[in-house]
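Down below are the structures I want you to see.
What follows is chain A paired twice: with chain B in the first complex and chain C in the second.
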Partner chain A sequence: MSDIRFTEDHEWVRIEGDIATIGITEYAQEQLGDIVFVDLPDSGAALAQGDEAAVVESVKAASDVYAPITGEVEDVNETLEGEPGRVNEDAEGEGWFYTMTISDPAELDDLMDEKAYRAFLKKL
Partner chain B sequence: MDDQDIAPLKRTPLFAVHEAHGAKIVPFAGYDMPVQFAAGVLQEHLHTRAEAGLFDVSHMGQLRLRGEGAAKALETLVPGDIQGLAPGRMRYTQFTNEAGGILDDLMVTNAGNHLFLVINAACKEADITHMQENLPQHIGMEILDDAALIALQGPSAAAVLERHIPGVSAMKFMSSATMRVKGTDCIISRCGYTGEDGYEISVEAADAPALAKTLLAELEVMPIGLGARDSLRLEAGLCLYGHDIDETTTPVEADLLWSIGKRRRQDGGFPGDTVIRQQIAEGASRKRVGLRPEGRAPAREGTEITDDTGNRIGTITSGGFGPTVGGPVSMGYVTSEFAITGTSVNLMVRGKALPAQVVDLPFTPQRYFRG
Partner chain C sequence: MAAKHLNELEQRDDFVSRHVGPSPDEIDAMLACVGAKSLDALIDLAVPASIRSQKALDLPPSRTEPDVLAELRRMASNNHVMRSFIGMGYYDCFTPGVILRNVLENPGWYTAYTPYQPEISQGRLEALLNFQTMVMDMTGMDLANASLLDEGTAAAEAMTLCRRVGKSKSNAFLVSAGCHPQTIDVLRTRAEPLGIDLVVGDPHKDMAETAPFGILLQYPGDNGGVDDYAGVVEAAHAAGAMVAVATDLLALTLLKPPGEWGADVVIGSAQRFGVPMGAGGPHAAFMATKEDYRRSIPGRLVGVSIDSSGRSALRLALQTREQHIRREKATSNICTAQVLLAVMAGMYAVYHGPERLRTIAERVHRMTCITAAGLKRLDVEIGNTAWFDTLCIHLPDGNAVELHHEAVAEGCNFRRINDHTLGLSFDETTTRADIEAIWRIFGDDGSLAVEALDGETEDAIPAALRRTSDFLTHPVFNSHHSETEMLRYMKRLQDKDIALDRSMIPLGSCTMKLNATTEMIPVTWPEFGGIHPFAPADQLAGYREMIDGLEKMLCEATGFDAVSFQPNAGSQGEFAGLLVIRAYHHDRGDMERDICLIPSSAHGTNPASAVMAGFRVVVVACDSRGNIDIDDLRAKVATHAQRLGALMVTYPSTHGVFEEAIRDICGIVHDNGGQVYLDGANLNAMLGVAKPAEIGADVSHMNLHKTFCIPHGGGGPGMGPIGVKAHLAPFLPGHCTQRGSLSDGVGAVSAAPWGSPSILPISWAYIAMMGGTGLLRATQVAILNANYIAKRLDPYFPVLYTGPGGLVAHECIIDLRAMQKATIDDVAKRLVDFGIHAPTMSFPVSGTLMIEPTESESKAELDRFCDAMIAIATEVDEVESGVTAIEDSPLHHAPHTLDELMSGEWTRPYSREDAAFPLPSVRANKYWPPVGRIDQVYGDRHIVCACPPLEAYQDAAD
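Moving on, here comes the complex of A and B:
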């Protein structure tokens, strides 16, 4: 069973065993508007929680995407290179950014569950 | 886009129309302005190039200069040939400083018995002071505080506007006329800031919402925000004041020499004429160029431009994704030896050297109506 968590920077983290899949939320893609480029991390890159992991470029501006947890990048969504608009179409599914190992499972406790994230959005 | 959080934001006469169309409002040059509508920047951009877009540019300054010799007097502040403008014709020029730098860029129309000027929103107070201090006493200035400015741009603009204002489709590009529209006088100019055919309509504030609604009700017309206005002008290779041109760039460096007529080049008589004429004769040390990054990553304003060996040769002043081009486009200044079409350069994006080529501007062909 997968478990999904969220950050205050509007990233989602889907946990399946010891691998986390990361992307930006539906709310984030809506705010960014038409996404034209995603700069993904390299496979094998070591990321600490809070590091700049990726950059999303919309027609309007470039936005940083931070590593929600510490770990090593396993796989990146190469489809986004040619079709960055996938993020707009399906931010929390096919528009995933990368997968990473989970160095410190305790970091996951800092993240919000879906209910907490929905409540967080309402306050914005 | 400049945030101006301190001063209360002004609203244009079309604010309620924007809200009714689902605008996302942002602060810009002291105004609450629509940055985009429901369709989003990409669709707004593409729609303007395919059909027609309606833009609120009421934040810009509009004024009239009256008095004997107004054109000659204005020429002491701008390098453009204002005396050579026939009645009903308009021209792009710049207010220059003594160093040849650009204080603002503007449009000047010979409206027969006076000159009609459109100046940038962020510069309007400074421009007005500049003119008040430097034009002769007998030149009167009437600031059109109570006028909106609506731009209708795109290949369908002429057909749409003709339905409501008969005669406009016959106007030549860069011409202007005062026309009576539903009982009110409007200044209609065939010009724009998108690279497309189109018009700018100066209309009384009280009459502006009705005119905007009438035009927006046409099937071809979509409301367009500042986001697409920026990407459209960038693809068209047009300068944005405060970004591509400012007090430190001359019209020669900015590749705006076409806006300085032969007589003005020969005779001078405008601020910075010594510097500008010297640059015309000997060439400037740097020049504004178009840049096409390879791949898909946009290179935005402030990005450093380097040569093969890593030496800094310039800076990007505007950059982003060009929806019509379908890829990233940028403009910037490079030292003149690199300002040659086809030259390979590097753009330093997030610490990585992104290969790019110097290309001719505009990125998308201009489709102005030449009659």
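Moving on, here comes the complex of A and C:
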């Protein structure tokens, strides 16, 4: 049973048990255009909510990706190193960035569910 | 009675009408178009009365070109060119004549802009790729950037790179005491605001105690020694510290390169590769590093990509690291390079190739060895046992001063290290007669003979440090060694590019005005070029007179009280100016004033510089017209009143508008204890009309490469001297070689005390030839030209912002955001088919073009540009209205190469004529782009930053 949440910085967080998978949303990849590089965190890095976790670069912009919750980085999507375009092709699937532990499940409550995120996008 | 008086016939203001493009008739026609009766009336309409200067500029009247050349010649003759043995990173050299005349003295190279539009910049991009490849080869590193400002700032960039990418949490940076003193000086200035603990010591001994995040070594050392650093590198890496090495390209033809003994970052100056010393600059510094740090290297990086037909094509890579995107999080505030000088240095390597370079180095080394052998016969004690080109001479009697004077009497400059030590550095210009003169100074009675000692003297490079690896093996460094081949190679590259010798370059905020030939001529005079920056002061008398004169002229033009010429770029001016403000606050005990307010519309360099200077950036909102939101400013000032340090503001605004509230804005900041930094990027709209200091600025940089005619050189050199009001003057940058003549102030921001003096005659000559009235006329016509373009293009592409009277300042932003199918790239690249350089794209507002024509473009040229834009508007209309699919439009496929048009089958719905000659007038003077539209994504996903093997070009074509 997975649950997906979103941040106002256009990241998605998929929760499966005590592990969260994080990436950027379809909307974010569209805004960035062709992505040329993703700088991922190191496995084992301890992140607090709001920390800079990754950097995503397209030819026209560079954006920081912040940790949506507090936890420790488990796994990173090494495929993106050679094929950053995966993010454009499948931002909310194969273009995932990293997984992390969930230190404080209460932090998840601050994030938007899919419906709330759609509504948030409409207002932009 | 004579029909005309001699006064009139002498035409002392002739140059003004040469510099200002439009003729009086054209000016009248344009005034009628924009709805002003006269130039004065236009300024009354366009410029708010509240900011106007009450008095005309108090500058001498215009002088003629021959008169100004004669005056500069007189000043030049007061410089005394001696044989330089000073070294310290500056060496005399022979600029090959073919490079001197065809690059340094050639407007096809020096008037080009930074290669942001790669399709029309393939020539200089290739030249820069040669430079990068050369630096990589010589240093033994994985990649190199396209040059930095000077060795001192390159060392500072290396320090911050080590901190960014290193794993160590230490705050200390260990600098070898064997580094050049001016490098240590610049490092000190840069380390302090960032909270880096700079430790100067002996890396062989001090590593454990310092536990630094990085170290900087000099190889060969400042005093000439050639140390084996293998152990140091091992210890540093074991302790988690990064290793940066400052080095010398010529030495590396003989010495084992730092990349082969573990260096992480390698920096230095490429000056001695054919670039005159020029009393300190301009020169190209370099930085090379490992593949792992590719995304962290500051400055520009040329990379290889492909064009629309899959052929190899060059462009700037990894642009998103830069400040215009990353702002306060940028890698560095460096947003320029020293392209012209890097091109020269790269060409020097192309012309000489590996064999000749090694021979030059061997000759320099041999001369050094022979001199040393002779000195030993004279019982002179030489401090170093190993060297490349520099001897450190110990004088137990403490007679360094005396010998120094004797040397000067022989026409030689030795380096006086202290009372007991002299330095002697040799270079490719050293002759046998020089060696004999040196011996004479040390007491030789004529019994020593070069020929005899040559046979008896061993080389002085330790066997373990000899280079065994090949370098410069790429064909480009092995093909153009005859002058004919070299001449044609450089011409071939030059012909690929659009510079001011072909077309206007209407880039907003870049002020691509005339770089008059008369202004350029003195730059290559030996009296300006052949001077070492640290030569005794009396030998630079001509320079000082010229620089002092220029300071007075700039003070009058801007209202400031003092100027520092040290900053080598606008970004360096920002950094220096903010440091001055910080030092002023600290001097008054206001240690907590560390907030720098920056409007959201500011160029990204502003926040990047503020962070470097130790400020915290607070962004001030702008209204929908791009003006500072006064309410937000008041609110931010109120919130941070106790900590308010500075406001950085661009005037006229980044949006090309004279903000009416600027005096109030400055007043609010002053009332709350802050200082105002005015970014002088747009000064060309103000000269003779308003003065930054009068409207409230405390400090401002002046881009001499914009307003004051120093050419852009294809992306450098530049100069960004700062003007300050009297209360800030004590804090202006100092220099370790000028204690006593310059105040110490905030320390050094550049390697040389006056930045790049050899290009200052350009600005001096410009102001002298224009005079006060000429400068005013230039401003008036710059504003007229911008408004004329705005008026002509507004019906097709709406002008986004206007100020008083519905007028713009010296540039205008046109809005292309209504386009749904065509892109701004399509418009920019289609302009190439017309032979015109695109304006600034998507800055300061995404989806717009910012156009700055400058006063130097005639109405005929402005019309050529406007006609092209209007023709493009028609093509855009066809696409937007659905008449033509975007894929079927020439917009989508622009620029069109000859290759494409000549290919057998033509299947596009538009004709080949429409592709290549979109207006009949284009036929008469057709520029053929060498490549089609370049694939930026491909290049940034497959990064290659060295000359590709020749087969790569072939493969791509297949």
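In the analysis below, the second predicted complex is superposed on the first by the 124 of 124 C-alpha atoms of A that agree within 3 Å, B and C clash if a C-alpha of one lies under 4 Å from a C-alpha of the other, contacts with A are read in each partner's own complex, and residues count from 1 in each chain.
The rule we apply is simple: a residue touches a chain if its C-beta (ideal position, glycine included) is under 8 Å from a C-beta of that chain, and two chains touch if they have at least 3 such contacts.
On a predicted model such as this, the values are computed, not experimentally measured, just so you know.
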item: First (chain B), second (chain C), both or neither touched by A:E81; value: first
item: Shared contact residues on chain A - chain B and chain C; value: 34, 36-37, 39, 57-62, 84
item: Residue ranges of chain A touching chain C (in the complex, touch as defined); value: 34, 36-37, 39, 57-62, 64, 84-85
item: Complex contact set, residues of chain A against chain B; value: 33-34, 36-37, 39, 55, 57-62, 81, 84
item: Touching residues (chain side chain C, partner chain A) in the complex; value: 295, 319-321, 325-326, 329, 936-937, 940-941
item: Residues on chain B engaged by chain A in the complex (per definition of touch); value: 35-36, 40-43, 45, 227-228, 231, 296-298, 300, 320-321, 323, 328, 350
